[in-house]
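Per-chain numbering from 1; labels A, B, C, D, E and F assigned in written order.
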Amino acid sequence: MNHEIVLLSGTSHPGLAEAIARELGVRPGIRTITRFPDGEIEVRLDEPVRDREALLIQPTGPPVNDNLMELLTLADACRRSAAARITAVVPYFGYARADKRRGRREPITASLVAQLVEAAGVDRLLTIDLHAPQIEGFFRIPVDSLTAVPTLRQAIRERLPEDAVVVSPDTGRVAMATDYARRLGLPVAILHKQRTSGTETAVTHVVGDVRDRPCLIIDDMISTGGTIARAVEALLGTGARPEIVVAATHGLFVGEAWKTLGHPAIRDVFVTDSVVPAQSDRRLKTVGVGPLVAAAIRRLLGGGSLSELYHEVPDFHRLEPS
Amino acid sequence: MNHEIVLLSGTSHPGLAEAIARELGVRPGIRTITRFPDGEIEVRLDEPVRDREALLIQPTGPPVNDNLMELLTLADACRRSAAARITAVVPYFGYARADKRRGRREPITASLVAQLVEAAGVDRLLTIDLHAPQIEGFFRIPVDSLTAVPTLRQAIRERLPEDAVVVSPDTGRVAMATDYARRLGLPVAILHKQRTSGTETAVTHVVGDVRDRPCLIIDDMISTGGTIARAVEALLGTGARPEIVVAATHGLFVGEAWKTLGHPAIRDVFVTDSVVPAQSDRRLKTVGVGPLVAAAIRRLLGGGSLSELYHEVPDFHRLEPS
Amino acid sequence: MNHEIVLLSGTSHPGLAEAIARELGVRPGIRTITRFPDGEIEVRLDEPVRDREALLIQPTGPPVNDNLMELLTLADACRRSAAARITAVVPYFGYARADKRRGRREPITASLVAQLVEAAGVDRLLTIDLHAPQIEGFFRIPVDSLTAVPTLRQAIRERLPEDAVVVSPDTGRVAMATDYARRLGLPVAILHKQRTSGTETAVTHVVGDVRDRPCLIIDDMISTGGTIARAVEALLGTGARPEIVVAATHGLFVGEAWKTLGHPAIRDVFVTDSVVPAQSDRRLKTVGVGPLVAAAIRRLLGGGSLSELYHEVPDFHRLEPS
Amino acid sequence: MNHEIVLLSGTSHPGLAEAIARELGVRPGIRTITRFPDGEIEVRLDEPVRDREALLIQPTGPPVNDNLMELLTLADACRRSAAARITAVVPYFGYARADKRRGRREPITASLVAQLVEAAGVDRLLTIDLHAPQIEGFFRIPVDSLTAVPTLRQAIRERLPEDAVVVSPDTGRVAMATDYARRLGLPVAILHKQRTSGTETAVTHVVGDVRDRPCLIIDDMISTGGTIARAVEALLGTGARPEIVVAATHGLFVGEAWKTLGHPAIRDVFVTDSVVPAQSDRRLKTVGVGPLVAAAIRRLLGGGSLSELYHEVPDFHRLEPS
Amino acid sequence: MNHEIVLLSGTSHPGLAEAIARELGVRPGIRTITRFPDGEIEVRLDEPVRDREALLIQPTGPPVNDNLMELLTLADACRRSAAARITAVVPYFGYARADKRRGRREPITASLVAQLVEAAGVDRLLTIDLHAPQIEGFFRIPVDSLTAVPTLRQAIRERLPEDAVVVSPDTGRVAMATDYARRLGLPVAILHKQRTSGTETAVTHVVGDVRDRPCLIIDDMISTGGTIARAVEALLGTGARPEIVVAATHGLFVGEAWKTLGHPAIRDVFVTDSVVPAQSDRRLKTVGVGPLVAAAIRRLLGGGSLSELYHEVPDFHRLEPS
Amino acid sequence: MNHEIVLLSGTSHPGLAEAIARELGVRPGIRTITRFPDGEIEVRLDEPVRDREALLIQPTGPPVNDNLMELLTLADACRRSAAARITAVVPYFGYARADKRRGRREPITASLVAQLVEAAGVDRLLTIDLHAPQIEGFFRIPVDSLTAVPTLRQAIRERLPEDAVVVSPDTGRVAMATDYARRLGLPVAILHKQRTSGTETAVTHVVGDVRDRPCLIIDDMISTGGTIARAVEALLGTGARPEIVVAATHGLFVGEAWKTLGHPAIRDVFVTDSVVPAQSDRRLKTVGVGPLVAAAIRRLLGGGSLSELYHEVPDFHRLEPS
């Protein structure tokens, strides 16, 4: 479909929307978003979207509920104004960690959000480094989950000693750590938190050799910084060289994050600008995802293949449960 | 269906939830609602809801998006935990005023919210004095919209001079004003804002005789107080006695509301506790809707008729467009 | 999308369908619609609709159920024959007044009809001067509600004395009256029916100055003529000059309508041809909406903006409940 | 579920609704159905349906569209008033013959009606002798299609000579003819219309021996009487005794039906009262289906098995395409 | 829509997929379909389908459940990879005979399959000689059911004596037999199985004159051959010349089919290659449907009319139940 | 709801269905399941399900597509026969490993299956040790995923040396290994497969101390045995004592599984009877899940809490991405 595109953004990350527009060489669509004194969001599209390809740029970082609702109202406005297709571009997808019930009476909020997004009329979703790949299956619309690993790798490489080890801070990030390692030509180490039977305290084990080596701790996101701080402690306790680089796709840095990340061994913290951080720090290095998102949009519209913007997956899988 | 009931509430109005539980003589259901440092809501039901009748008490006043999302996650948790039926009890229904597009590319947010609520698994809705009766039609599930007019009338009566006039502050509230008037045995006056052709300023006309009479201005909700303030000005300008009582079902009082309502002619402001007001004032009189909601729930569960808790509607209608 | 269009019509208003085709410069699509002796409708499309833009012209005036069913079967035929998109063009939308329950156990038939239309595969709706703007929210597909006010104004202007007043016959038509008044440069008056407390009879009040002035009573539709007749009586009773023009978008004139409208003060009755009137009269002046609908369709297909064919709405809204 | 039942009927067949109520020993539910002067239907339920089992009695014979719309609005009213379950009791299901496209661009109206009925909130359907058994598959809700053959057989038996032959008027009714024949202990003959190659006229062949024997022509419905009249002609032409009984479940008798059925060989015409006939005749014998429907409802509510109220099907089937 | 097409096939009939591709002059799309040791199907699309017109070639002959699941997973892969439209090309539609409940507690599996196909994201269906035309009504997406009769007629003609009779093996195939007869200029005979009252054995009657004439027995499908074998026996018993040709669109030939069809009077058995036969035989003549399917696809894509690829239907229908 | 229950089973695991019935003290429901010679499944329910609680016992082990289709047709039969509620009891849920796209154009078959199950009318799902907890989020109906860990632990305990270590064969099973360890009072070790940069071969690292200790390798399922065989090799290579016990919930043992598991260090292989193994072996010890499933069903029906039949989850979670 060769529809004209209209790039609309919520208020959650104006800088990113502009960067994407600039990369694509298109003018940002004109819309008015107002907050009433009682907090209700009012949206108005100030140019036609009829039979156009509408792209809604809105990461759902904090305040997540407001940003989500803005996205939903933008989608409803586009649908009622007869947009040809509505693509939600949500570089950071909030509530992604709420992807399962853990043996308790809970919602699966990430699945609920998928249903809300579809109920509002969104036709497809573009996101980056989704917390769990299964979240795609919560949707019935097409989902493209890009990876920011190559983007971050570029920036990290020059700050990273040659003998570094890529560290997954828990068993859930092993696939991502392996992807980094493969692209950087480095080995992987894995941290695993474990309680000794009978005791209350969990001890973090380090799998892989980190002795006397600098470390690159990776993660999909940094929220309060606690996971990284515990990883640093475990690595140093096992003899790693106090020269640690941290990389994560999404950098929220809420609460006391920078205090938590205060250990002097942490040299640099690399994140993308997928979301606006609550607070910044001298050690924070931000890499723009505008080019990545723009490249994906160009392929979305031109019919090209997005799969090279996805995570690379090794080919020996699923003969047994993986 | 004779399912055991479980009364669960979000965090938007704990007092109301308790009042309803007390009226019904049931123990409030135990649930944990947490906010992560990044603002995400986490919900856990700490007692079984399987095959129970779940009632979710959650007015969606400010912060509307957070309160709405809490309601939706509670519903998702109940659905996944196999509740027999999920009734959302939303005494104040946020976004109700966004019930139409006004010739522009806009969402119809009240209709969107209806779809979100249904997508989350809610089976029916109980609310009070919905801004427009058409909003029921946005839903495919049953909606019961109760009226708080009899409740407020009780409280107002003793503070209201006998020769008062019930005033609708604009043409949209005439039905409600008529309902008050009928129940109080008083006449009605209507305000209507109108621009003289060619001028910029809108003049408010007063329909009905208010000269030298005290007034009861009614409305479905008070948000910033502006509508009421303009009504007071218009009434006094037409010769009304400076003895004004205000009554509204939902009292938000956001921003500078009490300053806006500062005119000394305003003696009392009656609202229900359907929502927690942002700020209070010496003149504010609050009437509890706990008994009203509890009466409705009792009928919902016992199969009784709710229609006597609705607005009364005169019977000469719809031979011509109404 | 640049699909070839095919313009199909039901049997409810052949003249209008032809007028629209003529305006658009397209040949009406060939279809056969038969009524079996038992009243069942049979529809056959006699030319391909596959991958075409199907426009179904069918106002749902009386007999409303037959006309609605014809529309639904036409849509089903188009869907099963793989039309690219199905637009229902329903200049007069029957059952629009059934837009709410009035405190009683009733259907919301306008909302039901919206669901039926969507169930039959209609992708979007084009209509004129919908009875209540909230009806758009009953739909999940895009709805474009055009206004015939500018079209009627053209015709009215030459028959209207310069000192006329635009009259809204009740509080529900104030927005429409204001739109007429703005476009004609005239003042507005509002009628409001009110029962004096304790009495049975409702008295109609006139808001605004009509003394010795000719009046233009406006409405969205005229069915039996009762509303207009009562308005005429009230206006003359308040001293209006017995020189009254009536304008409504939809003119059904069912039952004894012309007898009801027999008062000699009524000089002209302007309506559009959105629906075929049950009976006509010497005073009836009909303005064609073919050009308006054709203009909208042209924009629908060309991707242009329809918003200038909507009602104009003043910009000071919704700080308080409107 | 042991919900109280409420038996509501549309206006299409008051006598049948009463008969069913009488058989069940329940009071008919009170509702008001009005037709506005413009033909719109207005429905109001005058007693509670909340958490009750609602049974809507409404055959959709002529005027089919009005009767269908009445059914849909009744269902919408029940749904919005929170009925526990809505069962549509539609003894004659209009549009059943429109069950396929015949190589042309047509709707499948019976399938469309199934979707409309589901969209209006109906939970299950009870009907009699559905024109084609596949129609059940158009629905996703449970459908119970009862048979009136045993009911009619009772009445027919005493009027039928012992040496009669059961005649299927075309190849589509063979299963029904076989069911009659089995229950009456009679042989079957089949009529089959066939055009000789090269000619325009179709000749009706008679399969089975009818020479000198009286005939019972059966069908699911009689509309204009044409099929029966042609069958009579073919039977007499093949030497059948001019002593013919006709039996059909649904007797519409529209248009000139009785004139078409004027042949003196036709002695009796048996139908049920599933629908109100347009015209009657001296030879018409009507058998009530009230007891059959009541028996089905009793089982629906008591959880009993309905399958013995269905057609009996021989057991040698489907090893090859049937 | 002028999307590029991508032709993907399951593993059920590689030869047919190639034939269709060859006819269309397009390269077959590259995909990998694997079966895990536990029987699970794994599908991967090895070229982009984004915004392309995806055609999935997969008849659902035996093993029907595996072939159906392959079709569904292919559709899911296309949907998640954002194909513009997904057309299932299912020349033989398995489970078509399960199109009704026969008075028993059964599924309607053909209707269930329609729902599964739609749930997997298929947008339209192309099939050949569907067992019952009502099956189209089980779908809400467009269904095109082509006829292979003209294709088979070409091949049959030269092997068929001039004085042959077209025989419908039961009353369900009369329409198809009539279509053959019309295209071949031959008369029709119909077989009808009937139990004499009181006996256990069903006798097959022959309607139409077959004495001393060669026969063409037609059917939509041959599975175990039983229906054809019984027809041969009945025809010879009535004096038909022992010179019988058989034609069916779908030739499964499962189990002992060729043994069952062993009677020497059967000269030729014509089928299409819509499905891969379980076993073959010297007398089997297969006609390719590649050109027919390709012609349909060309019209699907070019917007042309498919109706001339449908069954022809005589025009004297539905004045009475047909 | 106190509906009578009816326990129906497919043909995939008759023994388990009987065991569950025996535990519950109910008679298995009578149904007929036939396979036609062409492989199509035919289902018939031989006793009423109307308004009953239908439980469909059917693990979807090999042949997965046939077993899945049987489940879907059983559900469709129950739905059309008006069962009050349909619970699919699927102890082993096939296709669970297909829970994500891995950067490629693939289906998410587990999500597709969830949609198929819902499309067929299933109201809730009961399963055991689902491969990934996120799969619950693919469903909109309630899912209860029980754990067989306590059941297996009982059996394992007596065969397990006191100094054993619980081993997770990869990073995906750490949660399950931890659950076993906690319940057995043993430590955990984790295997992690890793490619050294630049080489082709992946080396399996062992995290945790296994030197000279016997091991309990756990997994959710054993299909071909490859994962376990590689784990055994790695453990012995790291100095574990050649005394290994294996435990998995689901034992498929397809292909050459027992040959692959031939290493003499493997003493016992414990699985449940959730699925029928393709082949057995002297070392195989099977523990029945009948009591577990029956306990869950009893709570499902009695409204009791299932959560104690779920996995236990430690409470320090989700402050950071987990």
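Rule of thumb we're sticking to: a residue touches a chain if its C-beta (ideal position, glycine included) is under 8 Å from a C-beta of that chain, and two chains touch if they have at least 3 such contacts.
These numbers were taken from a predicted model, which means no experiment stands behind them.
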Please decide if copies chain A and chain B contact each other with the same set of residue positions, more than half shared, or with different positions, and reply same or different. same
Could you put a whole-Å number on the gap between the CA centroids of chain C and chain E? 50
Mean-CA-position distance for chain F and chain E (Å): 39
Which positions in chain A are in touch with at least two other chains? 1, 36-37, 42, 48, 80-81, 97, 101, 104-105, 108, 111, 115, 136, 140, 223-224, 307, 318-319
Can you list every touching chain pair? A-B, A-C, A-E, A-F, B-C, B-D, B-F, C-D, C-E, D-E, D-F, E-F
Report the residues of chain B in contact with chain D in the complex, numbered from low to high. 1, 124, 136, 140, 142-144, 299-300, 303-306, 318-319
Chain E touches which residues of chain D in the complex? 97, 99-105, 108, 110-111, 115, 131-138, 140, 170-174, 178, 181-182, 185-188, 190, 192, 194-198, 202, 205, 207-208, 219-228, 307, 310-314, 316-322
Give the list of chain D residues in touch with chain C in this complex. 36-46, 48-49, 61-66, 68-69, 72-74, 76-77, 80-81, 94-95, 97-98, 101, 104-109, 111-112, 115-116, 118-120, 223-224, 252, 254-255
Could you please specify the touching residues of chain A with respect to chain C in the complex? 1, 3-4, 36-37, 42, 48, 50-52, 79-82, 84, 121
